[in-house]
Amino acid sequence: MARILLLFGHATHDGWRAREGLDAGLAALAFDHELSLLFVGAGVCLLRTASQAAPGLRDWGPSLGALGAHGAERVGADADALAVHGLAGARLRLDAIALDAAQRSDWIRNADVVLPF
Amino acid sequence: MVISLLVLCSPASGQGASSALRFAVAALAAGHTLRQVFFHADGVLAVPPVDVPADEPDLEAGWAALAAVHGVPLLACETALARRGLDRPGLATGAVRLGTLGQFMLAVAQSDRVLSFAD
Amino acid sequence: MSSSHSERRALHLVVRAPWAGDALARALLHANARDAIVLAQEAAAVACAQHAADTPLRDALAARRVHVLVADLAARGLGAAALHAGCQPLDDAAWVALAVACDVSVTWY
Amino acid sequence: MVISLLVLCSPASGQGASSALRFAVAALAAGHTLRQVFFHADGVLAVPPVDVPADEPDLEAGWAALAAVHGVPLLACETALARRGLDRPGLATGAVRLGTLGQFMLAVAQSDRVLSFAD
Amino acid sequence: MARILLLFGHATHDGWRAREGLDAGLAALAFDHELSLLFVGAGVCLLRTASQAAPGLRDWGPSLGALGAHGAERVGADADALAVHGLAGARLRLDAIALDAAQRSDWIRNADVVLPF
Amino acid sequence: MSSSHSERRALHLVVRAPWAGDALARALLHANARDAIVLAQEAAAVACAQHAADTPLRDALAARRVHVLVADLAARGLGAAALHAGCQPLDDAAWVALAVACDVSVTWY
């Protein structure tokens, strides 16, 4: 059993990248790994609630919620990026803890495996 | 006006491929002529038909409708496909046909505007 | 290829945001005051008021004609977000009209 | 140590895929064990075998040698392949076999280090 | 016959992008278009001469020379980027004219078609 | 998963240069003084003396352990280029050893 950190660093409509990170997260839970999610930089856009499906790109945001509900240990978000992307204090798709750089750095260092999406 | 489009990115990588489709639909709606849509580089990933789950947007169906209703030629660069190991029989069975950069350059000569899509 | 040499206008389509590359900076560098800059796909987010604080866009807005695709804002949940004063929202029909009106289009990614 | 690799990018998009091969070769040379190389997302573009011109580096041959000589399992995510319309018979005839994220997570459980490659 | 500008904006080993731009250029010449090449930003790295093939990536730089020799009208390079990438004054793979921003802007505006690679 | 909590070290693999995204900036933000930063693929060019002038790397070099893959420099014709003083060249064997010595690796792109 490993401590896996899913690191989302790219915004929603960057193709299927986030969707395929989600698939990895669900597989990790299915194999009893301890899973944490961390949204950094533009990745915080994935936590925006109001987005609907782009006319050509499915909005997979809602299924992100499934990952949170299904047992991810911890969900963290880049506090500075939340501000830059106008999400500071906004309701997010998942209850994410706002983390400063030092805290995020510790989350990464204390994981056994970091999977970047 | 006569317009041709060049699509350089895969449906998987971002919103570039779907933006091209959106532009194409809007251009036709505004009465312009689409001389050709050419898929080059990673854009050739539009060739293999994908059975898309119901709630996912189906780019391929969009292009297929364009070709069927407006007769827009949809061509993908054979060399780029071969370079990716995708020049297999049975892969180019969707709306996008195999073509060459030469055909694209012919369309360019006959177009008033040429737009590129990437991401 | 109608207009005479000097009055030609270019449309600069920007599809990556500053955190994903220097496409916007290069578009601003190569566009003159009459050219059109269109923020699309991921770059659309930069048109929102709260975004431009740290990007070069804020000053460019005054000196350039900047547009943003409404559909790409909506797709990112930014349909209702306040835009920069100088930023013109475009629906797809207006996007086509602009591309036709400009003599040439260049895509920065 | 036991090491597993995750490849997230296509051979077409940059140097990430070839860096993964280089790391794998160096790790084996240093006496480490490669538990699995898993191709996910655009990394699945490594699956279709490509007939590479003589003067082009042949990534696929590199992976094939690794699998043959060291018995390293090379797996590509079936779901990611299907999403790109690449889950066709005859495509997965090269060194990289079809696999699931579950198999990758099993390898993760049995590995001391897991490295990801992208570009 | 159109005035086509091939705009190289990404570095050498960014996968096959530059190689496939080259293919487009050769096709343009074959169909009697008037072809110009412009290297901007990291694209100037394509003009570096000393690179050998990356251990896994073919260095297609030499075949760029073919395009130049085969009849591209004009070859321009971003003077500022040449400096940033340590190529100011260096011998380049093609005889490229160093252009400032205003000149590059004109090259783009006076093309009929700009193909970005 | 050997070392105790506080002494853990992370390897930050950076594969995009500043003109292609903020990967380097994010790596620097998330690395502490004991972590290792490895510049690879396109990012290798940033290790060359003449490059770092405008990137955040110059100051970071003093405060962080920065390495660069020699093979990726050579592939770009930079094999002989002068590196920043603080930047350690790594051959592939050394890269593997560093990845094994660090408790976890993260790739920024």
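By written order: A, B, C, D, E and F. Residues from 1 in each chain.
Everything below uses one rule, namely that a residue touches a chain if its C-beta (ideal position, glycine included) is under 8 Å from a C-beta of that chain, and two chains touch if they have at least 3 such contacts.
Computed from a prediction, not measured in an experiment: that's the story for all the values here.
Novice: Is the number of contacting C-beta pairs greater for D-E or for B-E?
Specialist: B-E
Novice: Per the centroid of Cα atoms for each chain, what is the distance between chain E and chain F, given in Å?
Specialist: Taking the mean C-alpha position of each chain, the two centres sit 29 Å apart.
Novice: In whole angstrom, what separates the CA-based centres of chain A and chain E?
Specialist: Taking the average C-alpha coordinate of chain A and of chain E, the gap between them is 39 Å.
Novice: Can you tell me which residues of chain B touch two or more of the remaining chains?
Specialist: If we look for residues of chain B contacting two or more partner chains, we find 10-15, 19, 22, 41, 83, 114, 116, 118-119.
Novice: Out of chain C, which residues touch more than one other chain, so two or more?
Specialist: 1, 19-20, 22, 41-42, 71-72, 75, 104-107, 109
Novice: Which chain E residues sit where two or more other chains touch them?
Specialist: 2, 13-14, 16, 41, 53-55, 57, 112-114, 116
Novice: Mind giving me all the chain pairs that touch?
Specialist: Touching chain pairs, listed by label, are A-B, A-C, A-D, A-F, B-C, B-D, B-E, C-E, C-F, D-E, D-F, E-F.
Novice: Looking at the complex, which residues from chain F come into contact with chain A?
Specialist: 1, 5, 8-10, 22, 26, 29-32, 35, 103-109
Novice: What residues of chain F sit close enough to touch chain C in their complex?
Specialist: 18-22
Novice: Help me check something: in the complex, which residues belonging to chain B touch chain D?
Specialist: My answer: residues 10-13, 41-42, 45, 47-51, 82-86, 88, 90-91.
Novice: In their complex, what parts of chain A are in touch with chain F?
Specialist: Answer in residue numbers: 2-3, 7, 9, 40-41, 101, 104-105, 108-114, 116.
Novice: Quick one: which bits of chain A touch chain B in the complex? Just the residue numbers, please.
Specialist: Checking each residue of chain A against chain B gives 13-16, 53-58.
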